[in-house]
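Look for chain A in each of the two complexes below; its partner is chain B in the first and chain C in the second.
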Partner chain A sequence: MSAATQPSERTESLLQVRDLEVHFTLPGDGWLARRRVVRAVDGVCFNLRAGRTLGVVGESGCGKSTLARALLGLVPATGGSIRLAGEEITGRTAAALRPLRRKVQMVFQDPFASLDPRMTLGQIIAEPLRALNPELDAAERRRRVRHLMERVGLAAGWIDRYPHEFSGGQCQRIGIARALACGPELLVCDEPVSALDVSVQAQIVNLLMELQRELGLALLFIAHDLAVVRQVSHEVMVMYLGRQAELAPAELLYRSPRHPYTRALLDSVPLPDPERERARQAVPLAGDPPSPLSPPAGCAFHTRCPRAQARCRQSRPALHPLEEGRQLACHFPLPVQ
Partner chain B sequence: MALLEVRDLEIRFHTDDGEVRAVNGLSFRLERGETLGIVGESGSGKSQAVLGLMGLLADNGRLRGSVRFDGEELTRLPRNALARLRGRRIAMVFQDPLSALNPHLTVERQMTEVLTRHEGMGRRAARRRAIEMLEAVQVPDAARRIRRYPHEFSGGMRQRVVIAMALLCRPDLLIADEPTTALDVTVQAQVLRLLRDLQQRFHMSILLITHDLGVVAGLSDRVLVMYAGRACEEAGVRELFHHPRHPYTLGLLQSVPRLDTPAGEPLRAIPGSPPSLLQLPAGCAFAERCPRARPACRETPPAMREIAPGHHLACHLEPPP
Partner chain C sequence: MTGGAPGRSLWQDARRRLLRNRAAVTAMVILAIIILLVTAAPWLSPWQFDQIDWDRLSIPPDPASRHWFGTDAVGRDLFVRTLLGGRVSLLVGVVATLVSLAIGVTWGAVAGYLGGRVDAVMMRVVDILYAMPFMFFVILLMVFFGRDILLLFVAIGAINWLDMARIVRGQTLALKQREFVEAAVASGLTTPAIIGRHIVPNLLGVVAVYVTLTIPQVILVESFLSFLGLGVQEPFTSWGALVNDGAQEIESAPWSLLFPASFLAVTLFCFNFIGDGLRDALDPRDR
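== the complex of A and B ==
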């Protein structure tokens, strides 16, 4: 995949996210205790065009799954804007979202749990068609389902079988066929291959990339596996405690990360190479990510950052544009390599 | 004499759907101070094999074969003798640290109980040893934190506590089943480093079960690759990563996306999926997915043979040069 050379033509983007905030209010610890606010997503900005993939990486509690749910309208945004094909989707009622629902579909992590075991493959894949294309008759639905099945590498003859007869990889193909049923423009994939065995994971990654090329799909690809994300993404966003730390074209981000957290993430990945693994010196990052309930003041990363200074503890770094389409939120970025 | 020697291990489960053949003719040795990585995908039998050799199979499981630990045959040991061995000389760390800790008891209570029960130590000495061990696994402020409950620790700290508990009795063998799979990547790096340091410090043997080739590369001296309940290849870690001979090992190494190679090529997936353990094929279990399979591969399962010193292979084909 070539490095993204995306011009900043914001009007062309299928998805435009600006200063998105998803805050949850939790009850306080006791009677009269102050209610606590979890800033699950706290100021995220990006554009995504048709035919492109934005990878989203970060550790548990970084807000990547909440971001996915907000894009699907499953949790309300408490601030900022999400525009899909030019239309604002924040603040809409479920009914008002309906016409837009067809454009965005989701692929889930657990292929078994996300399929109803009492339904046949045909019924599962046809479900979005029933809900969102009620004008289709049964014969037409079945014809489309068979076509979708073949498209994702399932034999059309399996249409009346049940999910338990299939392996994890095949179940994920069923989930992808269901997501494609209404002809979406954007697929939100939340850890789509992390429950799969490595040999099968590669099949699904290749399938998603093929489908993107053929159908011009935009993909938001959320995963904790940095190597998988590099494989599929044109651009990659790194999140930490709800905030966007860095976003850059994939090749640039992996070659020359400028946020110390991005650097630490990349350096932490164990490589399937005995010599390099044994040559490892210091551990890239000490400590665990802090609780999203009480993120540190200033830059949320300062408690673990090797470059942190007084300023990082006091003021939160703003997200600002840098070279070659990079966005960064760091007071003391790493030099370009 | 090897610390652990497993020969012709077979594990079967009786289920409503039929007999699940989880482990089939598995043999391996583990020397003192050595780390053997067992790699395989889900259903490869890697976890059932270690549960079996520890006498921890589910009720519907049956085990055959020989497991010798420090010269003693474990499969004939009475239950309580095996249980005693498990706390003291063989310790285990699993994927989910929460399931290994009792949520109702403080860490201090859980750690000292191991020592008072297994080693007959007094309370005060046990507490001192427990704090030392928490310090060894780098839990900061151990003397104070030992009084806390498991939920008051973060995921990474909990796994450190579990490792400290496992090491309390200075075991000869540590069995680590996906010890870092549930952890975030930056925390995983810390725990992997810790395991490597602890092994050198305490000079124990480690049996590492994992699906992650990067984790195996960093920790193991030797690697055993399992597929559908059988061993298909075993070699020193460098030999295995640089000269894999089994088509499955090769396929596995090629299908993982890596950060240390150029991006852009489609991944080389292994087609198909592993066979059902309810009806294993007559021949090589991998033949169905193997790009080099010949008719002979579908007839009889290949036996493990030594193709170079320390390099064992179960494949009918001539190994690639």
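== the complex of A and C ==
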């Protein structure tokens, strides 16, 4: 159990994200048409310390992946701040960002698409070393690559093979080895197991947790499988239409969700026991999330919320701190259980 | 080292598939023979390409005097001239294609990868050049600067890169969406490094196919220019120029059309079969 965002801890946090906004402007129809704006990430705040994991959950299109890419500087933030080890990431040019890349790396969702099919494993894993540690010579790079491969559970003898000769799980290990190559402090994992078989998922999750223990990595773990997130995370953030609905220590969030959306997400997970499944009074989530192009006024969730009232349609609930390090954005939260 | 065998790259896979394609392999063999003949031309015949045999003007193939393909209207040996013309035609095809390859791949990859305004401006340049009447452009160049064979390479290459740029740009747009490009950005690679290390190598399959289809196209363009009298200058020749000469004497000396035209046609077929074979071998949809 962790106590999360206490003010006194902010200074030690590896990653501090404040009011992060990533808005995309879409070209309008024709020259003078009003440009439409997608608020992919809209006011996200959290801290992440070394050696800890923040899980991020939400439906497709809620801005999880955009959040991940903003942390890597792959998409520019349009507002707010991201501080990594005390250094601001937002607003930097590509060249100014490069020194920080050694500290934060990413594991991608699609293990095949994230590896260049024309390169050997050795070339793929060595790439961050080539770009970020140019002082290393080829022999030293190769030695490090072999070490990394063994570390993530790949035979070092496969160094001259190509990605298409490997399974999804093995490719994901290659991706993890590449992400670890330059010794990052933060690993952003964008649905790293969603594309894998269930049996392989567990292996990859265990590998990531092992690496975290060993290297003291901070992990930002994005997934839509709530069970996986619960297993890996110290804290969990729930996102809805680019906004942060709730953030709480994992155990607390799963035991006692207070945002109706968190509750609905948890209720949508089937229970393994059919007796209990029948007995529980689940409130299933109806319909699809609204288009992020025109999110509802007020609380974005009010169109699907069983507790919505007039106020929810008019004013947007602010994110406010609650008990035990919980942050919540809801006018009518569920009672503590 | 355990399991230390180096893996098979996608190129090696493609080569295996290509070698299983009979039409493509036959075409490669025939093309190799033609290239060999064309290279070895001076040693295969006692006659020089510009040497006039006053005793035998416009004779049909005659092994006795070692005019294997006969002679043309001014008594020059057609065998040697056909092979020599092949040198010029193939050279034009390859060099002009390389010119278009270099410009087209760079232009298309940069425009596609950078996107936005840069892309828009670069592709409008291509559109404008497309709108220029090509033959008119080449003819103007030839008239102003004289009939120089180097100029011919440049002129044809400078026109052909437009298609290449468009194809490469389209492919780059698709490649740019792949996660390994994002991974490269996250790994700290600079934009030129990403284009050079990730975009271009992944384009090469498509480009290789297009190149094998461009070479015959360029050879045809050169033949057409020669046919119009704008190609290579006498006494040098090319297949196009020989076909032009032969066509004028088709009734009195059909062999002077037949031989160069057959070489031209067979070469074009070969390139097209190789191109088709490459496309099938490299097409990821068949995998």
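Heads up, the rule we're going with is that the second predicted complex is superposed on the first by the 313 of 337 C-alpha atoms of A that agree within 3 Å, B and C clash if a C-alpha of one lies under 4 Å from a C-alpha of the other, contacts with A are read in each partner's own complex, and residues count from 1 in each chain.
Going forward, a residue touches a chain if its C-beta (ideal position, glycine included) is under 8 Å from a C-beta of that chain, and two chains touch if they have at least 3 such contacts.
From a predicted model like this one, the values you see are computed outputs, not experimental measurements.
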Chain B versus chain C as contact partner of A:26, first or second or both or neither: neither
Partner with the higher number of touched chain A residues, chain C or chain B: B
Chain B versus chain C as contact partner of A:209, first or second or both or neither: first
Partner chain in contact with A:94 - chain B first, chain C second, else both or neither: second
Chain B versus chain C as contact partner of A:132, first or second or both or neither: second
Partner chain in contact with A:271 - chain B first, chain C second, else both or neither: first
Interface residues of chain A shared between complexes with chain B and chain C: none
Partner chain A, residues of chain C touching it in the complex: 1-11, 178-180, 182-191, 193, 197-198, 201-202
Chain C partner contacts - residues on chain A that touch it in the complex: 69, 72, 74, 94, 98, 101-102, 105-106, 108-110, 113-118, 120, 127-128, 131-132, 155-158, 160-162, 164-165, 175, 178, 182
Complex contacts: residues of chain A adjacent to chain B: 1-2, 59-60, 167-170, 197-203, 205-206, 209, 224-228, 230-231, 250-251, 254, 264-278, 280, 283-289, 291
In the complex with chain A, residue positions of chain B that touch it: 41-42, 154-157, 184-190, 192-193, 211-218, 237-238, 241, 251-253, 255-260, 263-264, 266-271, 273-274
